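Before we start, here is the structure in question, set down as structure tokens.
Here the chain labels run A, B, C, D and E in written order, and each chain numbers its own residues starting at 1.
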Amino acid sequence: MDRNQITKWLKSPGKMAHKYSLHAVYFCTGCGIIEIPPVITARWDAERFGVIPVATPRQGNLFMITGYVSVKTLKAIIRTYEQMPDPKYTVAFGSCPINGGMYWDSYNTIKHLDKYIPVDGWIAGCMPRPEAVFVGVTHLWTLIDKEMANGYIRYKKKYAAYRSNQEMALGELDWPPLYPIEDETEEESK
Amino acid sequence: MTRIIQLVLSPLIALVVGVLLLGLSRKIIARIHRRYGPPIYQPVIDVIRMMSQRSISHGSLFDLGVVFALAGSLVTVMFIPLGGTQACQPFAHGVLCPLSSSGGLLVVMYLMLLGPLGLALGAGDSANPNASIGVSRKLLLALAYEVPFLLVILAVMSHYETISLTEIVARQQQAGWGALSVPLSAVAAFLILPAMLGVRPFDLVSAPQEIASGPMAEYGGRSLALIKLYGATHLFLVIALFVDLFLGGGVNLATFLLKMLIVFMAVEMINAVLPRVKIEDAIKFCWKWPAGLALLQMAITVLSKSG
Amino acid sequence: MVSPILLIAVPLALAFLTPMVGLASKSARRYMPAIAMLFNFIVAMSLLPKALEAPIIVRTAGWAPPLSIHLVAGPLGLLLSSLVALIGLLVAIYGIDYIREGARARYDVLYTLLLVGATGVVLTGDLFNLFVFFEVLCISSYALVAYRGDSAGVEAGMKYLIQGAIGSSLVLIGIGLLYGTVGTLSMADIASSVGSVAGSRLFISLAFMIAGFGVEAAIFPLNAWLPDAHSSAPSSISAVLSGVAIKAGLYAIARVVYTVYGASSILPFLAVLGVVTLLVGEMCAFAQEDIKRLLAFSSIGQMGLILFALALSSATGISGAVFLIISHGLAKALLFLATGYMIYRTGSRDISSLAGMGKRMPIMSLCFTVGAFSLMGLPPFVGFASKFTIVRAVLGTGSTFFITLLAIGLIGTVIEGAYFLRIVQWLYFKPAPEAMPEQTEGRAPLTALVPVGLLAVLIVTIGLLPGIVGRALGPAADDLLDRAAYIQHVMGD
Amino acid sequence: MISSLQENLEATFKGVKVTAPEDGRMSVSVPSDSIPVVLRYLKGNGLDHMALLSCVDWIEDGKFELVYFLTCYMPNNTDYAADQKLHVLVRTQVPRDNPGIESVIGVFENIEPYEREIHELYGVHFKGHPRLTHLLLERDYEVPPFRKDFDTRQYVEETFGSIPPVDE
Amino acid sequence: MSAQGILITAFAGAGLSYALGLTSARLREVFAIVVSVLLVCLIAITHGQGAEHVYYPDFLGLDLVLRMDALAWFFAITVSMVGCLSVIFSLHYVRGKEKENFYYFALLLVNAAMLGIVLSGDLLSFFIFWEIMSWAAFLLISYKRGRALDAGLKYVIMSILGSCAMLLALLYLYANYNTLVISDLAQQIRSAAGGFPLWVMLAFALGFGIKCALIPLHTWLPDAHSEAPSPFSAVLSGILIKMGIYGFILVMYGVVGLKLLLEVGAPWLHFHTVLCWLGAITILIPTFIALLQDDAKRLLAWSSIGQIGYIMLAIGVATSLGLAGALFHTLNHAVFKALLFLAVGAVEYKTGGVRDLNRLGGLIRRMPVTFACALIGGLGLIGVPLTSGFVSKWLIYKTLITEGHPFLALAALVGTWGAILYVYKLLHNMFLGQLPEKYANLEAAPFSMQLPLMICGFIIVLFGILPGIPLSVIGGIVGTLGFEPVTATLTGFGPQIGPLNTLNLCAAFAGVLLVIVAFRGIAARPKPVSQDDSYAAGAAAPAGKYHHTVRFYDPLERMTGGYLRDWVDQFYLSAAGKAKGVFNGVRRIYTGDVRTYVMYIVALLTFLIFAHTAGWL
């Protein structure tokens, strides 16, 4: 927690600001809806680290996906992710987004979330406890410091692959691609 | 020369104090919830973070509306005497009222409508139904609290028979606080203070749960930063006006800020605990109790003046 | 020097000559009324300037007043006779091509006789002579109303005949009573000796005369014949009836009340009667669907206003009344003539069939609008000048009784404005029903356009330059009001 | 009271087997084509609440068994005392190869989502249903997932397994 | 170039435009514009010349006089300017419609008649031009067929009623002072011993009140405005209503004079206080009704009535500041309302006649210039500080508060907030929000429509920042009308009236704006994005059908909608219905049976004789 070191602020205000003002769009799918409120409210109080829940993706920079991701919810997750302003970080909670977790063989859940949207941090646990969440947040700080939390850059560079995966999982998407995709032929030839 | 300094200084003070008050409000709410809450300067961090983000824009009016709102509220601050009695003496006594000599309270009232109007125009252009519902609620709420607010201001003006704010402050220095001479208006003003600030009991304009933070639904990045700053200055503005009208405006800047802090703490206490009201009930409330009190006070002052 | 007697003698002669001319060539006969009226108009206009100073007295057979029947061509008489001549001339031109079916010979004779009667009523100085010309006027108008011969025409004519006959008989009884008490028939003579006779017998004769002339002058309870007569008569006839015949009746009442009796006590009653007639006329007009009945009721309304103005007994009041007589004569004739060909074109008389006429008969509709605006009293037209003089006269009297009556009367003009403008809207702003076949032969011939156009031009020019008629109004009002001068003129030399 | 329902059920409809109601639950098995008639009859007799529609996959004898759960809204009909709440299970058999049955949306409108769910997960086609579209699943399946012969692991392997991870 | 010359050119222009129109459409349009612009220049030249001369010696015994003084010049320049703008606007608007000749003739005739009213030196020519204006406006209101006919009829019946009342009052003055020339009429009235009769003032008030739509007499305005063609409704609500105001000022201050005016009416309730309260009510009720309207032009019509309330309030206060405020607000309102109506007209022209606020949206993307001008007009109407509306409202409020009328000031201020709500509703539902499919490729309004909008916008901002230009003229006028003149520096008011300096307000605003834009420049420029890409909780917004605001202020409508129906209008309509019933009743008198007719004749005769014997006659 180097929030009060002025030199760091002066050197890289952007990074420091991102570290200590993580406005979270917590997309509560699955069992996250029960686990996240204790993180935010009085007992564990995420606000002291600057993490506040926000109403719309436009205002946030942390995207929390808590719990298993069904095929239908994936469409909403992609849409929300694309509507967030640019330096944005994604944290997946629980084992289900990692590898399908308990629903590893279910026909209706997404097994590996990072095939569809870039994920910066994983917090294991079949719904991690609030302390684990804070450990995750602090790890995210270090990632931001070391410039490794660059999911949004990967998404921009590899957008064609992500887009094709999404279309393979969901069939035809009814919103235009976020970044211009050069057509396939020229992609293969490069 | 000193006027130029004051011209630059008063908006700056407004910004800084406003932001700190916002941070303080989150701290107070946290303390009431028996949790630590973010540091006082957390809004500053939020603003820096938002400035470093690259968001979207729905058209030129979408961006300009917010700039228009912030500029309006900053200019309004210049018209309000921030402490000090003599009409615009130099900075020596911490007196700050650069432009209040040109136009007085009428200009302040009109400039105060620039902020909500600018934001409404910007949000309107964002083509999001949440924003439109938010704006419609904002304008209706404004109509609701304007009736008692105008009654209050007219009562004060006819009590002191002047439209210049500095004179009102000066008269209060000798003849005692406004709250004592026009008590019912002070109570009415305090009742509608949360509505003017858009805080908890009347926070239906930017209700995060119902309409995804209303007009700010589509704003992100730097526009959202400007909106936060506008919120801060608007907060400072309203409380400064309240202090000037009813609490004698403070001998110098320090006492003025102290009085503002007290009023702000009172409002935050209410804000921390009350749930949100529906728009119809907000209008009914504002037009019933505060308006009634203010009307009564106005009748009393008019009778006492003409009698 | 041309004497006023020619004004009556020549058209009478021409009237009786028409059948002979008819034998020679059918088409020539149609022009006879026009020639008669043209002659009359020229003579009247030439005599008018001389008559302005002093009325021209014409004695038949040179005897003294009690025996001789004499004409008194004062400024009022000549002004009205020139109005009669002018309207008669224009309607005659209009009638040349308008009347096609029916016994054309009878039409021309009766038409000229009607106008002779009107001129006679206006010019005569003798009471019985007044009655004779009045009868000539009424009988010819009964016949002309039934000219069409269809059931509606005959029935309307019959009703008009019955009421007219009763009216004339009342007038005759009145004259008889008067002759019994005074012993002479010349108005001036009666006027000079009226002062000496006891009041009540005189009043009864006055009452009879007013009731009698009132039938023809379309005063409120007595005017029941007018709507049917005007709506079923051919348009040219209803134009003349509204333009001229009613006014002759009104002139008779005025002459009787002011010159013969000098009775000032009955004037307030006449004023009230006038306003009642105005209101009833306008209200009924508003509720009408048939265009000609509407115009007929509007004539009743305007008659009420003229009666009210006459009852003011002030110089400006009377000149206002005469001005309104002139402006109403011109405008109402214009309206009837214009609707004549519109009905002929659309085939039906109700207002809804007038939709879109503005496009199909532009000139006719324009003139109709000018006439309607003039009747409503809107500024650039002659109606405004007359309404303005009347209102000025009423306010000049300063008596609250007359001012309140005027206020009620003005409500009547508002109603009139409402229904006339509704018709104007039908004309211009309602789309023409496509179903209406595009009749080409219905286009109004030249003989219709000339009179209508001339009337419209007259209305606008007099409206803009009221001085033309203004000069004659002053002496005309004095001629009516000033009994002593009238007596002195007639009896003196 | 319930027994009277049992008699006249057997009386009115032929080919209907009614098992005696024990602990408030009575089951009626009905041929598939007379389902709407029976349901309308029962609705007329106070069982006006269609609680649930479920389906059982008897893969051995090649049939789906559709079970309509009927019960009554207590407040507005007084025939049944509070403790006598009666459940009626109407069962019917549908061939497994091309399962089709008449939709009862005319009798109970609130069965619409249930019929869509059964259609989506078992593939039973309800004739006359206005909107037989997807309710819970996003993708189309050639073998509907709730059927016993649906191999989930093999499906998961070839749908999700085939999606390549996005390499760094 | 005297007043007579101006009038001749105006009326001749109207006539000639009709004549030329018969030959070629282009010629008529060019001629109409040339005449209008010529009129504006002619009037501008005659600034400052006070001339009074008889132009028609003996019309029915009175001579008609034309006079050109400061008040007349002020109104004349407003009339000709707005008239010229509406003619320019109607080039494209009317092209292709039928009866164009008639339209241009009637429009130029109305403008000419209004110039006549303003320049007339005596009450008779004032009345004549007043009547010509009324029936010419009637012809133009019912130009668009359909519902316009009843609107036109309702307008014309009320205006005839008003002019009858005015005729009575006019001639009463003539009867008492036997002159109608305003200058010497004023002297005689002031020197006359007795006070000014109240009923004459009430009759004048009725005549002018109907024309400028005060509360009980306003019912014709919403229908007339929403049915008239847009360029004419700009003229109608821009300047035709102001003729009522001009009439009030002329009679109250020109003819009767301030000293006498204060005693008109009962001692405990003076005429001008009643006028103030009427003005206050006229601000409140129509503004809240305007809030709930769905048709753009009807909303603007109700807002016109509201703004007229401001002017009446300022006139009623009878102080120099009040009158200056009233005159300045008259000019401002003419410009705002002309601009807003023309903007609505441009949108209506482009979208093929759609005015319903619930079906429009997002036009800012297709018609940015129209939106910008409409925004400036809207802000001016509200009275936002950098627009001319603010200065005139500031004047009105200042005089209301210092004269000690807090409740009137309250009505005015609440009216301002009502104005904000309905201006925002107009701008939002028409221009902001999502662009519907069918307007996706709508191109901008033609230049001939945008030019008037831009001119009006420029005037609003110019007079907002430098109010001294109009205020110097208005100060002079106030001086001539019997008050002490209002001295105004170029940028506001000196210390003695109450400090207001618009220039440092504008400088402060510009400075802060620059600082904010610079501060905002630090961050990255946002990425423009299409209108469908808006947050909808993760779901993709269905294109097109997604977002039209319907019943924008629904909560308020549910609360106050019931009370805000137009009671006065319903009362008039029911009265008209009863009157029709009475007319039908009266028609039954003529039963069609001869026997009853004869009975009538005999009845009259017996009545006459009986009355005589009873001694009445």
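The rule is short, and it goes like this: a residue touches a chain if its C-beta (ideal position, glycine included) is under 8 Å from a C-beta of that chain, and two chains touch if they have at least 3 such contacts.
Predicted, not measured: the structure shown is a model, and the values here were computed from it.
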item	value
Chains touching both chain A and chain C, listed by label	E
Fewest hops from chain C to chain E - one hop per pair of touching chains	1
Most centrally placed chain - per-chain CA mean versus overall CA mean	E
Most widely separated chain from chain B, with each centre as the mean of CA atoms	C
Furthest chain, CA centroid comparison against chain D	C
Inter-chain pair with the most contacting C-beta pairs	B-E
Length of the line joining the C-alpha centres of chain A and chain D, rounded to whole Å	41
Whole-Å gap between the CA centroids of chain C and chain D	95
Distance between the centres, which are taken as Cα means, of chain E and chain A, whole angstrom	60
Junction residues of chain E - those touching two or more other chains	524, 533, 535, 537
Contacts with two or more other chains, residues of chain D listed in rising order	none
Numbers and ranges of chain C residues touching at least 2 other chains	none
Chains grouped in pairs wherever the two touch, ordered by label	A-B, A-D, A-E, B-E, C-E
Chain B residues within the chain E interface of the complex	7, 11, 50-59, 61, 63, 67, 70-72, 74-75, 78, 99, 101-104, 106-107, 109-111, 113-114, 117, 120-121, 124-130, 132, 135-137, 139-140, 142-143, 146-147, 150-151, 154-155, 157-158, 161, 163-164, 212, 217-218, 220-223, 225-226, 279-280, 283-284, 298, 301-302, 305-306
In the complex with chain C, residue positions of chain E that touch it	58-60, 102, 127-129, 131-132, 135, 138-139, 142-143, 145, 148-149, 152-153, 156-157, 160-161, 164, 167-168, 171-172, 174-175, 580, 582-584, 586-587, 589-590, 592, 594, 596-598, 600-601, 603-605, 608-609, 611-613, 616-617
Chain E to chain A touching residues, read off their complex	524, 530, 532-533, 535, 537-540
Touch list for chain A against partner chain D, complex	70-72, 74-75, 100, 104-108, 110-112, 114-115, 118, 154, 158, 161-162, 165, 168-171
Chain A residues within the chain E interface of the complex	27, 56-58, 75-77, 79-80, 83, 86, 174-176
